[in-house]
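A, B, C and D label the chains in the order they appear, each numbered from 1.
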Amino acid sequence: MTAAADPAPAPLSLGRRALVEGLGAATLAAVVIGSGVMATRLSDDVGVQLLMNAIATVFALFVLIAALGGLSGAHLNPAVTLVMLALRRTGPVDAAVYIPAQVAGCLAGAALANLMFGLPVVAISTTDRAEPATLLAEVVATAGLIAVILLLARQGRDALIAPAVAAYIGAAYFFTSSTSFANPAITIGRIASDTFAGIAPASAGPFIVAQLVGAAIAVGVALALAPRAAMARATTAAPPAEAARA
Amino acid sequence: MTAAADPAPAPLSLGRRALVEGLGAATLAAVVIGSGVMATRLSDDVGVQLLMNAIATVFALFVLIAALGGLSGAHLNPAVTLVMLALRRTGPVDAAVYIPAQVAGCLAGAALANLMFGLPVVAISTTDRAEPATLLAEVVATAGLIAVILLLARQGRDALIAPAVAAYIGAAYFFTSSTSFANPAITIGRIASDTFAGIAPASAGPFIVAQLVGAAIAVGVALALAPRAAMARATTAAPPAEAARA
Amino acid sequence: MTAAADPAPAPLSLGRRALVEGLGAATLAAVVIGSGVMATRLSDDVGVQLLMNAIATVFALFVLIAALGGLSGAHLNPAVTLVMLALRRTGPVDAAVYIPAQVAGCLAGAALANLMFGLPVVAISTTDRAEPATLLAEVVATAGLIAVILLLARQGRDALIAPAVAAYIGAAYFFTSSTSFANPAITIGRIASDTFAGIAPASAGPFIVAQLVGAAIAVGVALALAPRAAMARATTAAPPAEAARA
Amino acid sequence: MTAAADPAPAPLSLGRRALVEGLGAATLAAVVIGSGVMATRLSDDVGVQLLMNAIATVFALFVLIAALGGLSGAHLNPAVTLVMLALRRTGPVDAAVYIPAQVAGCLAGAALANLMFGLPVVAISTTDRAEPATLLAEVVATAGLIAVILLLARQGRDALIAPAVAAYIGAAYFFTSSTSFANPAITIGRIASDTFAGIAPASAGPFIVAQLVGAAIAVGVALALAPRAAMARATTAAPPAEAARA
């Protein structure tokens, strides 16, 4: 039923798509956290550290969306899944399966990063990050991310979503004071590593609220800028739509 | 009427397109200024600071032009709008609305960047930048930017404008002594932040004059190199033209 | 006979394709090792060193796969060739010629890098790298590399393989504690240079075993996520398949 | 006559194409030299300096080839022009006009860079660079550059030449001990600036000889790897060929 609701459904079963979301989210979390550990081990210049962390994330996002977009839609982010649910691009059953898969994946990815660097499998982060300025930053960061996805999808430019999302997060690492988490699942995963990219549990809740506020704002902005039927072309899975045009 | 003058008019109303220009310019200003604040907070190496500032700007320009080009043309820059007006690619009413939207957007983006980093909403910059060498640099920087846009548009290679403009500014950050403002609206926005990317009001005027001189030179160069009717294919909004060819 | 088994055979003889693999592998090894030498000569910040090493490798991988993919398939990596052999995308004779060409190429590339920097042609590395965490990292790094290639090929998105493999390795340099060798031939080549990118002989064996384990895991994952006949479209040589569709 | 010999002649007169080559070469030289000055003024870490220099050059090469390739072929390099002449892709009259335009452009670009940074218009470099290791590096660097261009052209993948050449030089900045000049006109231009990117006159001659040796080797390699008629599709001006296929 949810599959029938998708205009360009991926040919994979929901179980396989959830596995794709979980593995993709795990990889993303391992990249974000692992590159943060590498950065602090190799440099004392925090600017150089953030460059390493950001560049690794940009590259990973491009690869993950390019390789997995045609399989599961490559949401990798509960904020994206909830927006797609609100816009009826993803069904409620799919969303109810995707989001736990994303969260579980990010926790597994955090554990993997810890192991790859010889750290305890799980260590709760002690980095407090929530303050008014960083929460505003998370609103802005997530609003921008969702707006980029929706505006490109609305224009049928799905092939640009992989490089554009990667580039957007690359910019957001630097122009937001929070370094742009912009993803509730990654935020939860980052709790589990007491390293450069970690976040204390008490900060994670406010961050996630800010992210969801940002996502809601982005939906409003995108609908205001693109109020017409063309919006219906926005699809969960970019590459099938792209293939259909070819 | 202005819409009728556009060979490939965007389907959005002028009001919506102005909103797109304003939001896009605000995002660009927030990126330029915000990443500058982040850079000075994290590193003592000014080279690393400029790398962070430049990389964030490159990524943002690519995303903004890719996502907004099909909506408003993604000028985001009064120099671009004035050139399009001079070449009759944008009508006078559109230009009269776009430019204030760009300037207001950049001021809003500066305020947003200040807020995201816990700074006063507005703080007038005290960084003097105008001197003969940097003014020459702004002429060169803006001439190159406009030449890239016009030469690609003249050849019908609109899909390359987003990556090429981003890459051009990425180079210009480093090869011009001014770090390449190349945009009167961004120059005004930068007045409102007394941080790494700021510019003192007394320097802004000469910078803007230099930028407009550069833009005029670029129009001359592009017409000299591309004197024929093919030039007429240059369009305000790249993506619709691109879509029309598909 | 092997050529007949290839669904989209490159029009070059096996000898010429082996030469392409050898020259490509030599270039890749020269880039990896040479940029490591440059990095340690120019900077004392190990983070900056790894940025230089990684950026050079990313650029080289993109160029090599884009330029050589249509000639030999641009495996440049015995793990890739063995996976293609297991999936019957490459015949056993081709594989038996490709792998020695890749290893010989990487050794020649190491010698070339040494010579370009005024070092002895061959110097056995003394850098011990094998430990549980780095071996886990090599499993992960190689699994990700092979998964990216197989998933893109399975979806007929061969044109994305060059940028995606480059970007993947760019991320893996930072998020894996081993800095992601992910290639048995490069691992052997790195033995021959006692510099930043080198690896002691005693560590090379365990690294290669970990890489092959990772490759095997990736095949299992890709088959699990993509169990159907579409998989048969994965080809040794991406560009011819791409050209055939055009 | 030369125009008639071109399989996909650019529609511009030789005079206009020479102007394009000159302006393009001037821009390239200004980027290489200007970003070098910026780098040494902002950072004390030579690795960071080379990152700035290399990134600026990569971005500029991509933009210049993308924007000018359809106008003049965007050789911007006497080694490229001589190779195209040897392969009968460019006529002797065109070559005799292109090469002086490239050299004059690079000298003008050096002067512009000096002026933009408040330096004397011309200052002869005192940086000795010629030694056996760096000359070998120039042979390798130029051979790789020419091989990338010829192999992509031979396969009809002209649209990849702009990003591939940019990426190749980005790698070569780091993996060659000479930082990869790979261009006789740029080498001459660099004589005129006594800054980070400069080269003493006594070193320029040996560098240029090494570059031409590398170019000749690349022609041999490309013909060996691609011996057939398909080679005839290599064209002076990439984009027209690309446009013809569209």
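Everything below uses one rule, namely that contacts are C-beta pairs under 8 Å (C-beta built on N, C-alpha and C of every residue); 3 or more make two chains touch, one makes a residue touch a chain.
On a predicted model such as this, the values are computed, not experimentally measured, just so you know.
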Same-site or different-site touching of chain A by its copy chain C, using the half cut: different
Relative orientation of copies chain A and chain B, as a Cα rotation angle in degrees, nearest 5: 90
Identity of the chain that, by mean CA position, is farthest from chain B: C
Where chain B and chain D are represented by their mean Cα positions, the distance between them in whole Å: 28
Where chain A and chain D are represented by their mean Cα positions, the distance between them in whole Å: 40
Contacts with two or more other chains, residues of chain D listed in rising order: 45, 48-49, 51
Contacting chain pairs - touch in the sense defined above: A-B, A-C, B-D, C-D
Chain D residues touching chain B - in the complex, by the definition given at the top: 11-12, 16, 19-20, 23, 27, 30-35, 37-39, 42-45, 48-49, 51-53, 55-57, 59-60, 62-63, 66-68, 70-71, 112-113, 115-118, 239, 243, 246
Contact set on chain C toward chain A in their complex: 45-51, 54, 58, 131-133, 136-137, 140, 144, 147-148, 151-152, 155-157, 160, 163-164, 167-168, 170-171, 173-177, 221, 224-226, 228, 245
